[in-house]
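Next, two complexes with chain A in common: one pairs it with chain B, the other with chain C.
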Partner chain A sequence: MNKIAKLFITFISAITLTLASISSSFAKVEDGYIVLGSAISLTGKYSSNGVHTQNGYNMAVDRINKMGGVKVGGKSYKFEIIYYDDESNPKRAAQLAERLIKQDGVHYMLGPYSSGLTKAIAPVTEKYKIPMVEANGASRSLFTKGYKYLFAVLSPANQYLEVAIDLAVEKNGGKPVKIAQAFEQDAFSQDVRLGILDAAKRTGSKIIIDDKLPKELNDMAATLAKVKATKPDVLVVSGHTKGALTAIRQISEMKVDVPMLAMTHCDAAKLSKQHGKNSEYALCASQWHKNLSYKDKFFGGGKKYDKDFKKEFGYAPPYQSAESSAALLVFKDAFERADSFDRDKVRDALKATDMQTFYGNIKFGPGGQNVAKPMILFQVRCKGDTCENKVVAPTKWASDKFFHPIPPWSERG
Partner chain B sequence: MDFLIFQAPMLMVQASMDGILLGILFALIAYGMALQWGVMNIINIAQGDLVILGGYIAYTMYLAGIHPAWGVIVSPIIMYFVGWALYKLVINKVVDRDLFISILATFGIAIVFQQLMNFIFGADVVVAQSGYGTTMLFDNSVTLPNSKIFSAFISLVYAVALVVYMKKSRLGRAIRATAQNARAAKILGVDTEKVYAATFGINAALCGIAGALISITLTLHPYVGLPYTVRSFMIVIVAGLGNLPAVAISGMGLGLFEEFADYILGTEFRIGAVFMLLVFILVYRRFKLSKKREYLK
Partner chain C sequence: MEKVKQKDLILYSGLIILGLAAPYLFSAFKVQLTYLCVLIVLAMTWNLQGGEMGYNSFGNILFYGLGMYLTASVQVGMFFPLAEWTESGGEKTFVHTTAQYFQGIGVGLLVSAIIPAIVAGAIGYAILGLRGHYFAICTLGLGIAAGEIAGGIEIIGAGQGFTTPPFPAEIVDVEARGKFFYFLSFFVLVLAFVFVKYIYGSRFRLILNAIRDNEDKAEAMGIQTMKYKIVGWMVSAFFCGLAGGIMGGLIGYIDSTDVAFDGREMGVFMVLMAILGGKGTLWGPIIGATLFHFFKEGLWTFILGWQYVALGVLIVVIVIYFPEGLMGWLREKYPERFGEVIDEKDRKSQVELK
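Now for the complex of A and B:
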C-alpha cells in the first residue's frame, strides 16, 4: 500500500469517527422527534413475522404522529424508529442492540420478533438501563430474571393453552381428562408445555403422551399413531407454524379421531387457508382477535384496526402486528405521564401503566409481563369451502359456541 | 423410552409401512448423491437444498392452480438445468480437487440456496395439497396416506428408468465409463466435461422429483434441507457407490430405523438417532478397514 492510500484511509476513518460521535449526540430526542430503536428480523427464518412486527410498529408511529404526537413538557414530539436487520440471529440482535444504544444514542427500545431474540437483547438493554417495550417475546423465562427495564404487552407463553385444558375438563363434566401433547424443543413451546403441566396438575388430569418435537421436524406420524392407539380426550400441539401445518396434514391423512385439538400459531400458519376444511374444529391460542371489544382513541377497535391495516399493507393483520402497534401506544402513554425524557422516570411511568388499547388491557406485573389481558381461543369453522377463525373462549368475548367433540373423520366430508 | 409399540401389533405395522414408504423416497435422493459422488468424487452438501428447491417448484405450480403431482415431471426438467448451470459456474472448478474443497464449495452453495429460497418464497412453512385421500387397512387401525404411496411408486418408477438409461443409453455408458476411470474414458474419446455436467444435472433432477414428492407428503421450508443431505449421505455410506439395489434397501432400512427410533426413543431423538447411526457406521467401517489392512501387512 502506498503512502497516499494510507493517508486517504486515515482521513476517511477520522471523518467517520467524527460523524459517529456527532450523530450519537444528535439522536434520542431532537428536533421534535423521539427516536426509538429496534433490531428486527427482515431476513432469515423469522423474516415473515419480523415484517409483521415492523408493519405493526410503523402503522402505530404514523397514526400517533398524525394525531398530534406525544406531548411532553407542553411540546409535541413525533416518534421515529431506527431499524436494523438482525437476520433472525440472536448474536447479531445483541450486537445491533449495542450499536443502537452506543453509536446511535437510542434511549428507548422496541422489541425484536420471537422469544429467543428478545432473550438475547434484554441483557443489553438492562445493562445500559434502556427501557424496552417488547411485543413478541412471550417466553416465561423473560419475566423471571428480574429485569427492570423490560415490559411486554403480551401474555406469557405458559398461558397460551391452559384455557384449553380447563375447557376440556369442563366439557368432560368437571372430571379430569387424558391429555396427549407434542411440543417442539424451543424456549417458547416448552413454556407452553409448562402451562399445560400446571393445568393438568390443577385439574387432576393425566398426561398419557408427552412427545418432544425436534427443530427440523416435518413428520409426526409416530406421535399421531400413538394418539390413535391411546385415545386421549385432548391433543395439544405446539411447534410454531411448522408444527401446526404438519399436525393438521397428518391428522387428516391418518384419520386420527380426537375429541379436541388445541394448537398455537394457527393464524401465522394461515391454517385454514393452507389446509381448508381439514383444519376445521382446531382450537387455537391467540393473543388477539379483531372481534374483541377493546377500544382506544388511536385505532378505534379491533375491527377498525383490521380494516386500516388491510388498506395500508394489503393483508389482514396477524396478532403479531396488533401487539406491536400496542407497544407504541404504551410508550406514548408512559412519556406523557412521565412528562420527561429522563430514562428512569420513563421506566417508572411504564411500570405504572394501566390502560386499555384496541389490543387489550395493559398492566405490567412484577416481571414486566402483561397481567391484565387473558389469552383467547378461537376455533376454525367452515361454511362450505371458506373457513374462518371464530372466538370461542373466554366466554366474555366469544362470538360463537365452542364445538365439541370433533366429529370422527368417517362423518366428515 | 416407550414400549407402547411392542404392546400393539398394529402400531408395528403402521411404523413399518410409514418407514418403508418414506425410505424409498430417501433412497431416490441418495441414489442421486451416489451417482455424482461415484462419477465426480464430490460430496454434495447442497443435496437437501436442491430437494427443497424442487419442492418449491411444485409448490409454485400448486399456487398457479396446477396439480402439484405434475411437479414430478416439471420439477426435474427445471432442476436438470439448475444442476447443469451449477456445474458450469462452480463445480467444474472443484471437480478434480481435494474432497475437502468440494465440501466447502457445496456448503457455500447450500447457504446461498437457502437464502435465495427464503428471499423468493418467504420464511413461511408451506404445503401443497394433493387431495389424494387415505388408504385404510385392518379396520382403520393402519392408515396410509395415498400421497405417500404415490411418492414411493413414483420414486421406484424413476429409479428403474434411470437404471435402464444408465445401462442402455450412450450417455449412460459414458457416465459409467467416466466413473470407472476418467482418464481412460477421456483417452477413448469421452467428453468427460460433458459427462460431469450431465451427471450433476441428473442428480439435481432426481432431487427435483424428490422435492415435488415432499411438497405433497411433508412440509417445505427454506431451512430444512440439511436433514435430507445427512440421510442420503448415510444411505450412500452404507450401500456404497453405484449399487442401486443396495441404495434402495438401505434407504428403506433407514426409513424403518427412523420410525422405530421415533416410537421407542421419542420423537425428539428421531433425527438425533440418524446422526448416531451415522457415527456408529463410520466407526464400524473404519474398524473393518483397519482389520483388512492388517491382513495386507
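Now for the complex of A and C:
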C-alpha cells in the first residue's frame, strides 16, 4: 500500500504544479484590446446557429476594428473575443462562463446561442457583475428575473408568432380561429407557445392540438396526422432549425393541407433553399430582414450587410447573425458613452442605450429586453424554382401581400 | 474495518489538507475543482456496482437527475409555491433569505439522497434479475425515459427548465458561493470515500465480487444475491443523488435532458472514468476521474469543435491498450508495488491473476 501512496503523492504533486503554473490570468484590457468572452455552440444540436452567431460577432469585430475601433479616454481600442465551445449544453455553458470570468479575466461577455444556454449563463454573469450583451436568448423568463447586467438586443420570444394569430383572425373576418400547435421542449419554443396562448385568449380562438416535440426532433408525423384529421385554421410549429426543416419535410410528404402555417427559424434553416417550392407560403417570424430601412455607419443598411456577409462567409445572413453583429455595436456605443472601463459605468451606459443599428432600433426595457424593435413576419414565395423570403408584416416594411389561404397540395405543382 | 496504517494516515491527512486548501491555493479554479469532486463521487459509486458487482449500469444518471430536481424543488417548495416559481411567465420574483437558502439546500440534499436510494431499491427489485447486456440496456432506457418524463412535468418547469434559487444576495463576498459548493462537494467526496473504503474492507465487497464472478455459484453457496445487489445499487443511488443536488445548485439552471438526466454526457462519463482508472479498484475511479477532468479541461479548449472526436479516440485507446484501466495496467506491470508477493510456484499454479 505504501508504494501506491508514493505513487499517489507524486501524482498529486504533479497536478499541483501544473495547476499553479497555468493559473495566470489575462487582463481585460491589454495592449489596446478590449477582451470579450463568449461560450458558443460549435458542436451539438445548436451548432449551425452557434456558427451563425459566431460569424455575426466576428464580422462586427472586424468591421469595428477596421473603422477605428472603440475610443475610450482619447485612446483607440480594438475588440477581441475569446470563444469556448459550450457543446449546446447549459451545464457546460455555465462552467465556461465561470472560466472566462475567473481564469481568463474577461470583464464583458457576449451571449451564447439559445435561451436555455443564456439562462444558464446569466446567473454567473450576474453574480460577478459582468455586463453581458446577448443576441440569441429571447425567452421571456430571462427578463422577469430582475437581472441587472443582462441586455438583449432582440424582442422576447412570446412576441414571435402572436402577430400570426392576429393575422389569421383578421383573414377569418375577425372571427376566432382553430389553432393547432406543436412546440419543442425547450425554453425558447415554450415561450413562443405562451405567446400563442395569450393571443388565443385575446382573440377567443380555440387551441385544438397542443403537442410537445422532443429535443433533437426529426419526426412530427403524429401531430401532422392529427392536423389532417381535425383541419385547424392555423398550424404553429417552433423547434429551432430542426423543427422548421422537419415540419416542411413532413408536411410536404404527408400532403397536409392547412390554410396557414406559422413557424420560427425559417431563415436559419435556409428553408427556401433546402426545400424550395415545398416551403412556399410558410409564414415565419424573424427578428430582422435585409429589406428593413434601418441604418448605421458601420454596416450601412440591411442590404449592404447582406452583401458583405455573403462575400465573407458565402451564405445569406440569417437574423441570428445580424442580431449578433448588433450586439457588438451596442457594446462599442456603451464603452464610448461611458468613456471608461469601469464595469458599473459601462453597465449604466448600456442601460441608457438608445440607438439605431442596421438591425433595428435598440433601447432596453427594465428587464433588459429590447423594447424598441418590433418582430417581423415574412412569407416564403416562389417564382419558378427560386424561392425567397418576402416581408408581409408589419405593413410599414411589407414588400408583398400576405398570401392566404395556402392552396391545397392537389393544386400545387 | 482494516486498521488504518501509519503511512496511509499520512496519505489521507495529506489529501484532506490538500482538499481543504485547494480553493485558496487555486482560487480561480474553484468551480472546476467542485466538478472534479462530483465526478470522483460519481465514478467511485458507479464502480461499486459496475466494477465490483459486475452490473454495468447506464442508469445511475437517473438518480443524479432525480437528486438535482429534488434538491431544487425542496429548496423552493419549503418557502414558496413551487408552481409559481417555475412558471416562466410569472412576473413575481421570490427571494430566499440567507437562512432560508441554507435550510432549503440542507433539507433538499437530505431528500435527494434518500429518495433516489428508495427509488433504486424499488427499481432494483424489478430489474436486477436481468443480467449482462440486458441489465445495461434496461438501465440505459431508464435514464432516457426519465429525461423525457421530467421534460413534461409543468411544476418543475418542463421544457422551460428550472432556475434554482440564486445564492443569497446578502452575502457580499463573490467567492462565498464557490467556496460553499466546493466544500459541500468535498465533504460528500470524503463521505463517499470513507464509505466505499469501509465496504472494501468488509464481507459485503466479497459478496459483490462473488456475484460478479459467478452469480449462480454465489447463490448456490447460500448468498441471497438479490438482496445484496439491491443494497449495492441503493448505495450508488444515495451518493448520485447527493452529487446531483450539489450540481443543480452550482449550475443554477436545470434542463431536463441536458443538465439533469444527461445520459449522453454525465451518464457516459461516469462509466468512462471508472474504466479509465480501472474498475474494481478503490483508487482507480478516483485517478480516472481526475485524469479525465484534466484532459477535458486542459485539452478541449485547444481543439474547439473537435473535442468529441478526441474523446472518441481516447475511449478507443483506453479499451485497446488499457482494458483493465490504468490501475489494472500498473498492477500487471508492477505487482509487487501493490503488495502482491509473487511466489513463482504459486504463480504457476494460479489460473488467473487478479
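In the analysis below, the second predicted complex is superposed on the first by the 385 of 413 C-alpha atoms of A that agree within 3 Å, B and C clash if a C-alpha of one lies under 4 Å from a C-alpha of the other, contacts with A are read in each partner's own complex, and residues count from 1 in each chain.
Methods note: a residue touches a chain if its C-beta (ideal position, glycine included) is under 8 Å from a C-beta of that chain, and two chains touch if they have at least 3 such contacts.
This is a predicted model, so every value here is computed, not measured.
In the superposed model, A:212 makes contact with both chain B and chain C.
Shared-chain residue A:119: touches chain C; no touch with chain B.
In the superposed model, A:274 lies in contact with chain B only, and not with chain C.
In the overlay built on the shared chain, the residue A:182 is in contact with chain B alone; chain C does not reach it. Judged by the touch definition given at the top, the superposed model places A:226 against chain B, while chain C stays out of reach.
In the superposed model, A:43 makes contact with both chain B and chain C. Touch criterion met: A:246 reaches chain B, while chain C stays clear of it.
The contact surfaces that chain B and chain C form on chain A in the two complexes overlap at residues 43, 88, 185, 212, 214.
Residues of chain C that touch chain A in their complex: 5, 7-8, 10-11, 14-15, 18, 25-32, 35, 88-91, 93, 148, 151-152, 158-161, 163, 166-167, 174, 177, 247, 251-253, 255-259, 262, 265, 283, 287, 290, 294, 300-301, 304-305, 307-308, 330, 334, 336-339. By the touch rule above, chain A contacts chain C in their complex via residues 1-5, 7-9, 11-12, 15-16, 18-20, 23, 25, 42-43, 83-85, 87-91, 94-95, 98-99, 102-103, 116, 119-120, 123-124, 126-128, 139-141, 144-146, 158, 183-187, 189-191, 194, 212, 214-215.
Against chain A, the residues of chain B that register as touching in their complex are 2, 4, 8, 10-11, 14-15, 18, 22, 115, 118-119, 122-127, 129, 134, 136, 140-141, 143, 145, 147, 218-219, 221-224, 226-227, 259, 262-263, 266-272.
Residue ranges of chain A in contact with chain B, taken from their complex: 43-49, 88, 182, 185, 211-214, 216-223, 225-226, 228-230, 240-242, 245-246, 249-250, 253-255, 268-270, 274-276.
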